[in-house]
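What follows is a set of structures to go through.
First chain A sits with chain B, and in the next complex the same chain sits with chain C.
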Partner chain A sequence: MARAGRAPWLTLQRREAIEAWLFVSPTLIGFLIFFLGPLIAVVFYSVSEWNLLSGEQVFVGMANYHDALRENPDFWHVIRNSVIFAIGLVPLNMALALTLALALSRPFRGVVFFRTVFFAPVVTSAVAWAIVWKFLLQGEGGTVNALLGYVGIDGPNWLREPDWAMAAVIVTRVIKMVGLNMILYIAALQAIPRDYEEAARLEGASGWQIFRMVTWPLLAPATLIIMVITTIGSFKVFDHIYLMTGGGPENGTLVLAYYIYEQAFEFFNVGYASALAMIMFVIVLALTIVQLILRQKGAA
Partner chain B sequence: MRAAKTRLTVSLLALCLASGPALAENLRFTVWTGNEAHLKMLNGIAEGFEAAHEGTQVTFETIPAGDYVQKLTFQLAGGNPPDLGWMFEDSMPAFVAAKAVEPLTDVLENTEGYDLADFSEPAMGLWKKDDEIYGVPFSTSPFMIFYNKDMFDAAGLEDPLTLAEKGEWNMTKFREVAKALTRSGERVWGFEFKDGQGYDTRIMHAVMPPIRAYGGDAWANGACGFDQPEAVEAIKTLHGMVFEDKSIVPPGEQGDYFSGSSAMTINQISRASKMPEAGFAWGVAPLPSGPAGEAPVIGQAGLVVFAKSDQKELAKEFVAWMTNKENVAVMAQFFPPARASVLDSDAFTDANSLIPAEQMKNVAAAIKNGKVLPSHQRAPQILAAQKPKFDALWRADADVEASIQAICAAIKPQL
Partner chain C sequence: MTSLSLKNLRKSFGTAEIIKGIDLDIADGEFVAFVGPSGCGKSTLLRLISGLEYITAGDLFIGERRMNDVQASRRGVAMVFQSYALYPHLTVQENMGFGLKVRKVPAAEREARVREAAGTLKLEGLLDRYPRQLSGGQRQRVAIGRAIVADPDVFLFDEPLSNLDAELRVHMRSEIAALHARLGSTMIYVTHDQIEAMTLADRIVVLRDGVIEQVGTPRELYTRPAKLFVAQFIGSPRMNVLPVERVAQGLPAGVPAGASQVGMRPEHLRLVAPEAGMLGGKITVSEYTGAASMLHVALDHGETVLVVNNDEGPRPGERIGLTIDPRDLHFFDDAGDRRSFD
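Here is the complex of A and B:
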């Protein structure tokens, strides 16, 4: 028997709240289990020495961080490689993506075909991509060097010389991933009202002036986002290095994510690898904050 | 009443769950083969064990070779340990040092009719520590020279098997024929390292056969051996073949023996399975001898019981069952045995449908006289430390001796 004078527990507001939680719960549970949980665990692992085989786990405080930052010369070599990779990849990727987007943002006959062509590598298997490029980049029998030979250039043994190997992995990575940034730029370009461009054109602005004074400033938010995700992606690059060079030759392409993998999954130094992962997290976070600050200053 | 019903249901459920493992003992066995014929053979061996142990079921779980050690380690660390499994030779010392695998000596010595002495001492060397056996090799596969007979015949050269039978198959002859068979303009080489990966993941497979033939070793007793005169001479020979003779597929090039672009390669007999589709006449010969005489090199894989298994004793019994004479003879069709009695039998020499019996006799001899690849508790760290220094060695303008010194300097802290 219902008791008079007592408000029902399940009010409309509560019901809506429960429904909302139910809707977000699959994602939320996934986030907690597969993202937040491991993230917190990595912090604990990073202050321990954990031998996976024996199961021994010993608290070592900041020793893993000290080893990485002060004792292990490999770490700074790896950071240098990661920075070179990022400096090489980010501007090249963005410049190429913007160029392609400017060319392919307007409708013309065959535009969909060209967009597909440039986007296709993004969805191509990384393994297939690496195998094909390893053939193309062979020292003597490679297609790239054969083409260079036609214009009188004696190409290097791309993947066996440290400096050239870094250049090769950067360029092949750019070609693989540029389609993604191209799509983002195309979306951003299509969101810019045509009126601005038409107004500038009526005022007598040239194509370059329109791009520099109208289009480029309006692309700034998209550029920031693209820069942030491309930079983060460049620091996290792993599969490409694993498949193309394995960090070689002479550790010339040994970047941070690959180094972490090596420590964790080949040497089973889980504690040290976790400390490296935390350092990578801090670097990426710092870069993102710097870019956001620069953006805010630019907007001010 | 309702509460009592609930309690009863939960209790029955708990009883069912708890009694599950007691009713059937399931041994989980990790392997890195997914080959149907291999699994069929393994299941056949397991059926005999299951018949003798009522209620026991053996399940083979495939983990791809490339991920095997990683996934296995994470299963052990994550509280989901298999009971037993295959183990790579180079991973074994680390597992033994971490006490992650169980000693097997007691069970092997006390299993009736097992005949532990039938396993040769060199074959067991890698699987023992302080007189305790921690693993039993199920595959003891020597590295052999695979050659393209058509290319030798076309060049009017005697093939390696013929040269070996005449006692003339040595490092000098090997270098000579490799150079004679090379046609640089046509991208045909005299020799290719194992699976074309001798400059990367298979550095040890590339350098160890000649180093052993010259009488050296990679390391021993905590000391680097690459810088010893014998090893230096061997590495100089290889370097000369790559960059002076240009007879070995060089770094950065994609050669492929199996498609006919190299006259010879080095591999284990399991790779013979790729030969029927190669489309040329071929043969298997011993490794070329050197100043130290014949020095076969063996790759091994063994069976181990994991220390975290809940059914260690049953798992140990299964290892003894799987590696008894009868079952080793069954496995010999795919995995060269370490048991002398099986090696000497026609069952082994006739077991391989692709390799003729007279060539299999060379395989058997190599198993008996061979030495396993160098191993170490910190093998992954050593291989990673030496890799960049080997990269520097494999350049045309490299100072070979200086590069070798650099290799030793890099691995000494790990040794």
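Here is the complex of A and C:
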């Protein structure tokens, strides 16, 4: 006999809600401790003057931001470097990734081998990668210059001259990371039905016309996402610079993420570094928002 | 003149031979349907004709010209895909004009030809829409419109109606028939639906495992199927097949030499009093479809046959007799080939 009257507190709906919260709680707690917590701390540090060595901490308002944006010429030099790095890296990376993807999106004998070859650097240790390239790019006796020598080119001392160093870190970074975008483009290409290409071929379109009039427009959403994540990634580049040039020569490869590291952990200007980190956060956030807006426009 | 001629056409993918020697002549202006079960090679054969696949062996002639080594775009064929293959980023107008654009036809002529084709297919109001804004039937029409704009010698259709619901399928079927009547072009139409093939085609090619089982008009295939496979594939509901002994005593003229199986179409069997017919049995199921009833009859010998009954008739559980005009019997030997008196 079921008793009518008082409904039990633990209804099915409540029970399922509790279960749901239990399932998301590990992630939620992790997010609060390891993301939101530090973020709030950085906001707090960025308005303080805090010397790690003495342990003193004073509130200074927007002084650190003012320093970066108005006083310190280093900051704009660093921003300029980061922009050059992005402008050099993003188009090169994407053009190469798309070319590889077009060549490797269809099955043929050995396709897995080639995909693996181009993807392997992505999962290779950044340290090993940088050390090997440092060695290859030596001015005297470096393999790159030796090869250039065969075709009569007298290569520069790559990592010792500011402009060449920038070019070298961009190219070596592209070679390391291009496999990731290649995979993204391969996935996007494979999602395009074969019928489109066949219909176009029957109507007399050349390979280039098919690419320009069918494939490329259909890749637009993928291109957009790849562009934004690659740009964001290029703004956040740290390990590669740290290992290959240490921001040198003559600060020629001093990019934002590395500059933040330098200020915080070499010069112990935690307040200033935090302000820089906030600026970087805003840049990345802006790029992300742009991406979301463009994606929604694309979906409409 | 756009007749087609296929001579011992073969196609292998790796070691698997999919098209195993097709000989076929198609006349100018003819509407030919390729039918057969899924996977029998219908699409592959169509793609060999279109040039989307290389021909492994044999010859393909379109008109007078051997086309084996001619590029797909130069064969004078247009194809309507099952998926429609409409470019999602282009409007209806741009989709239909795509082929002209890549062939550098001036914009004014392009527009005129697209408008003309759109007129024929009642698409004028939709020219600025994108494919995603169209219904299934409208997309289908745009796909056909794109083929018309190309002004091909031969139209190729690969199961063009299979993504539509039943009602629309019947409607589009009549539109395609009307289109053929109006244009008079040679058309090859692939389908696994024998009704579509029967209603549309001048001639039907029945394929099975990469070989032709029979070629003929719909009436020939229905009245004189050359193979047991064709007999059972063409006609709905499916032809009943029994061992020939079941009917032998009832036939004064006997059965053709070599015949081991006999086929009887459900619509040719007639109900008679129990013990009066060639066959006797008991009704197990009666499916009322409005126009007629489909009776499942368990024969005394153990087999089950289908019978189409037009009258309000006996109920499940009742015993009945069945008879058939001997001219409606189809005899086949053990290999499934037709046997007749001669």
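Definition applied: the second predicted complex is superposed on the first by the 282 of 300 C-alpha atoms of A that agree within 3 Å, B and C clash if a C-alpha of one lies under 4 Å from a C-alpha of the other, contacts with A are read in each partner's own complex, and residues count from 1 in each chain.
The working rule: a residue touches a chain if its C-beta (ideal position, glycine included) is under 8 Å from a C-beta of that chain, and two chains touch if they have at least 3 such contacts.
Model, not experiment: these values are computed from the prediction.
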Chain A as common anchor, with chain B and chain C clashing or fitting: fit
Which superposed partner A:Gly141 touches (first chain B, second chain C, both, neither): first
Chain B versus chain C as contact partner of A:Arg295, first or second or both or neither: neither
Which of chain B and chain C A:Arg201 touches, first, second, both or neither: second
Touching partner for A:Lys236 - first (chain B), second (chain C), both, neither: neither
Angle at the Cα centre of chain A, taken between the Cα centres of chain B and chain C once the superposition is applied, in steps of 10 degrees: 150
Which superposed partner A:Pro193 touches (first chain B, second chain C, both, neither): second
Partner chain in contact with A:Pro217 - chain B first, chain C second, else both or neither: second
If touched residues of chain A are counted for chain B and for chain C, the larger one: B
Smallest separation of CA atoms, chain C relative to chain B, angstrom: 52
Shared chain A surface residues [contacts with chain B and with chain C]: none
Residues of chain B touching chain A in the complex: 70, 73-74, 76-77, 94-95, 98-100, 187, 199-201, 250-254, 308, 380-381, 384, 387-389, 391-392, 394-395
Chain A-touching residues of chain C, taken from the complex the two chains share: 50-52, 72-74, 77-79, 81, 83, 85, 87-89, 98-99, 101-103, 146, 150
Chain A residues touching chain B - in the complex, by the definition given at the top: 51-55, 134-135, 137-141, 157-160, 246, 248-251, 262, 265-268
Chain C contact footprint on chain A (complex, rising order): 193, 195-196, 198-206, 209, 213-214, 217-218, 220
